[in-house]
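Across the two complexes that follow, subunit A remains constant while its partner is subunit B and subsequently subunit C.
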Partner chain A sequence: MSIEAKKQIIDVGDGAAIPRKSDRGLFTAWRIAFFGAIGTISYLAYSKPDPYLEILKFVPDGIAVTFKVTLGAILLAIVIGLITGLGRISKNRFFNGVASLYVEIIRGIPLLVQIFYIYYALGNIVKVPAILSAIIAMAVCYGAYMGEVVRAGIESIAKGQREAALSLGMNGRQAMIHVILPQAVKVILPPVGNEFIALLKDSSLVSIIAVADLLRRGREYASESFTYFETYTVIALIYLIITLFFSKIIGVMEERVSVNK
Partner chain B sequence: MKSLRILTAVLALGLCVASAAFAVPKKAITVASDATWPPMEFVDANKKVVGFDIDFINAVAKEAGLQVTVKNTAWDGIFAGVEAGQYDAIISSVTITPERQAKYDFTVPYVQIGQILVVPKAEKGTKIADLKGKKLGAQIGTTGAMEVKKVAGVELKTYDEVGLAFEDMAAGRIAGVVCDEPTAITYALQKKEYSSKFKIVGKSFTKEAYGIVVKKGNKELVAQLNKGIAAVQKKKIDAQLKKKWQLK
Partner chain C sequence: MSTNNRRKMVEAKEIIKVYGSFRALDRVSLDVYDGEKVVIIGPSGSGKSTLLRSINRLEEIDRGTIVVDGMDLYDPKTDITKVREEVGMVFQSFNLFPHKTVLDNLTLAQIVVRKRSRHEAEEKAMALLERVGLASKAKSYPGKLSGGQQQRVAIARSLAMEPKLMLFDEPTSALDPEMIGEVLDVMKDLAKEGMTMAVVTHEMGFAREVADRVIFMDAGRIVEEGTPEHFFTQPTHERAKLFLSQIL
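On to the complex of A and B.
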């Protein structure tokens, strides 16, 4: 395989599409969706305060929990992913085997089942607050996917880079830390951004273990006011605004990184 | 000519079959139930939805000349389903409350119960107000959840199923669970894994009555079900069912 063929952008993930300046159509779609969602939610709250404004007043602490779970899980997942990714390309057979086994097992189990499992398994061993269990469950799942992203990112760096570093007198570890990883980060960043958006959406699954996130707060409101349609309209719009907002930020970050290529 | 005669015969036969099929016009209805609330409605070892409510609705239907299919439905959203016409009625330990009556129609009450508090054996408090600063669990959208919410200083945690709340209490994540008394008895006293860990404290502190829910405005079905309930009560079938499912 030629060096050029290897240097591709990894584009996996089921996150919201991140608009890049070159993609005009997507950029416009982002604007329409983002400002459309904000406009719709404002209009509804203004024209029909009961129930729309009431719902908006009820859910903010749920949004905070959704953020907490997402940020905690993505940070932990990046750490797990880095270790797993290095394990997957490691020549140490034990380290490699453990990392590969972890990826195989996690990717073969639905996230919802993992959340239930980790939540109740942890409950039997240690006393962990629900929200921390949720963060751990999400991070363990996403760590496996992140590991694959890291692995692909490292493998996308030309072999010559490592060889050059070694010939300069660096050892394998130094070459990885000072030469390979800094370059791999640029390749890894877009898919990590995608994973972040996907994790943000999947965080709604933690409402099943009674974590009071955005979806759970919405369900609580709906279950007592019986305004299911109105509540889920608001919840969907809030998720949309949040994910579009972050996809934009990640898009800007990627452009910054790619400028000094 | 011959073909015409055959055609007539076929038509006549068809009419006979059709009229035979409609001879006993038993109206078929679908009734939703959240089968996670023993002993009222739950899934048994044979994966069948059973319980007091299920036996009761079958008895009522028999008296009212209805044909019933029970549909196991998640509690969260069960009201939305009856409104959307996915099923005709709900029998799922639904307490008749003014808020619910404003949105849905109810039959006459058929069982009287109350909310009760279940706590770990070591707990000294005997009512919700004794557990200030702690977390209490209840199933989402139930009268138990509403009772916890009424008390300031206690944090409510809502669960999709009451069983998950009990499991969380066993893991030490919450300090108590509030639910209907019959269900509390089943979980706290009759389940092997919980009976050594939990206890029921105090007496039931609300007076509530279960009713069957139908879509607002479906007066015909309410009348039919009420007729069935009256017949069941007159024949003392409900008393037998209470005995069978060990209700007070």
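On to the complex of A and C.
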């Protein structure tokens, strides 16, 4: 029997780059971008209050909605992802088949189309607020990607861990809960952070179904005041600041986890 | 040997295990009696690990029967977790749970499987750590321990379940030479206390000293079987002679 030493690297790279101390170049770039964005937005608001300060006053509602959608969707996506990931590695053919089919279908349809689809499909059955429909659509989409992250995370834990648990009399479920998943979480955390950032950015897509998120609020302001360029400059800078802020937090969390071994 | 009237702990009959077109086990039969120490040796790829791992069904066999402590492993009515509760296993790569402290490694299955209280489990765990000389490491994580220490913890972890049979799958093969002795000492103590043991190993000194019976495997078969004196002094099979001349 060979000693299993393989450690899989999960790379689902559609989030913002998460800066690590070891990556000097990116670390510096993060600082320049983050503080640069804050500086620029402050300078604009100070030197040209009309329209920049007006825009900044108009969009906070939208930021709140963006956060609501992102948080709601990521939490739901983690739950869906966990179930899907377990399904993908399950020996139960039905459970496995359903999970795999879900992943294949979802990954083959653009998120924007899914948002439209769920909004209108759901609208045909029950009357739900647009924001709820948006959260569900985002979660259903990201749940599929999250499922793959969970699957890869579980598979990265050496087979010997499961065998040791089983040899002590645990059943498969106990081994999963007490031995495999707690270890997989550490492996899964970085890519989940990535997904969170990606979801935060993709949440701007929900503005299409009348959810008053950050982008939507910007569009509302712009179309009334005809200050398209100025408004979208502010919107872009706000997204940038939020995204960079969270990528930093996730980076710090990751370091904590990897140190606490 | 007066083993005939003793109870059989393991009774494997005509087992066959196939990987693709390769026969890892080719009609192997093996009995292990209560209290007996069986040492299985042989060249790598001879099927000795596969045989050992099939005893607690970590390895599924393709044909034959295996009865452990009166329970038929392949009877649909048998709950395999019940069998595994009675059969401890020590792996070449230790397989301690890296996210848990040494103490928690020992208490986890006691609490989850044996349904003992945390207090009771910890008492048992500390007594066992004491016995393998590692009580001071109870709060450490496995990653901070040397290989020899990890393997002693792994043995203690198995013993915490109070198994009737212990399986050792090359327990010293991944260790630096200076750490082999400390692990073998723990195993010898265990043998003296009367534990039923099946050990796959390359440690011939251990086999000579501890084994009631030595089994030599080659190409998925048991080709020679007997007392250590017989095996090490006058093996009959050519393959066994060759193996011994290479290893001793």
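Things worth noting here:
We take it that the second predicted complex is superposed on the first by the 256 of 261 C-alpha atoms of A that agree within 3 Å, B and C clash if a C-alpha of one lies under 4 Å from a C-alpha of the other, contacts with A are read in each partner's own complex, and residues count from 1 in each chain.
Please note the rule applied: contacts are C-beta pairs under 8 Å (C-beta built on N, C-alpha and C of every residue); 3 or more make two chains touch, one makes a residue touch a chain.
Bear in mind the structure is a predicted one, so any value in this text is a computation, not a measurement.
When the two complexes are overlaid on their common chain A, residue A:A212 makes contact with subunit B while staying clear of subunit C. Of the two partner chains placed by the overlay, neither subunit B nor subunit C lies in contact with A:L71. Contacts of A:S167 after superposition on the shared chain: subunit C is touched, whereas subunit B is not.
Residues common to the contacts of subunit A with subunit B and with subunit C across the two structures: none. Within the complex formed with subunit A, the subunit B residues making contact are 76-77, 79-80, 83, 99-100, 103, 137, 140-141, 145-146, 157-160, 164-165, 167-168, 170-173. Contacts from subunit A toward subunit B in the complex involve residues 120, 123-124, 127, 129-130, 208-210, 212, 216, 219-220, 222-224, 226, 228-229.
Taken in their complex, subunit A has these residues touching subunit C: 1, 3-4, 158, 160-161, 163-171, 174, 178-179, 182-183, 186, 261.
Only residues 49, 56, 58, 81-82, 84-85, 87-89, 91-93, 95-99, 108-109, 112-114, 141, 143, 154, 157-158, 161, 169-170, 174 of subunit C touch subunit A when the two sit together in their complex.
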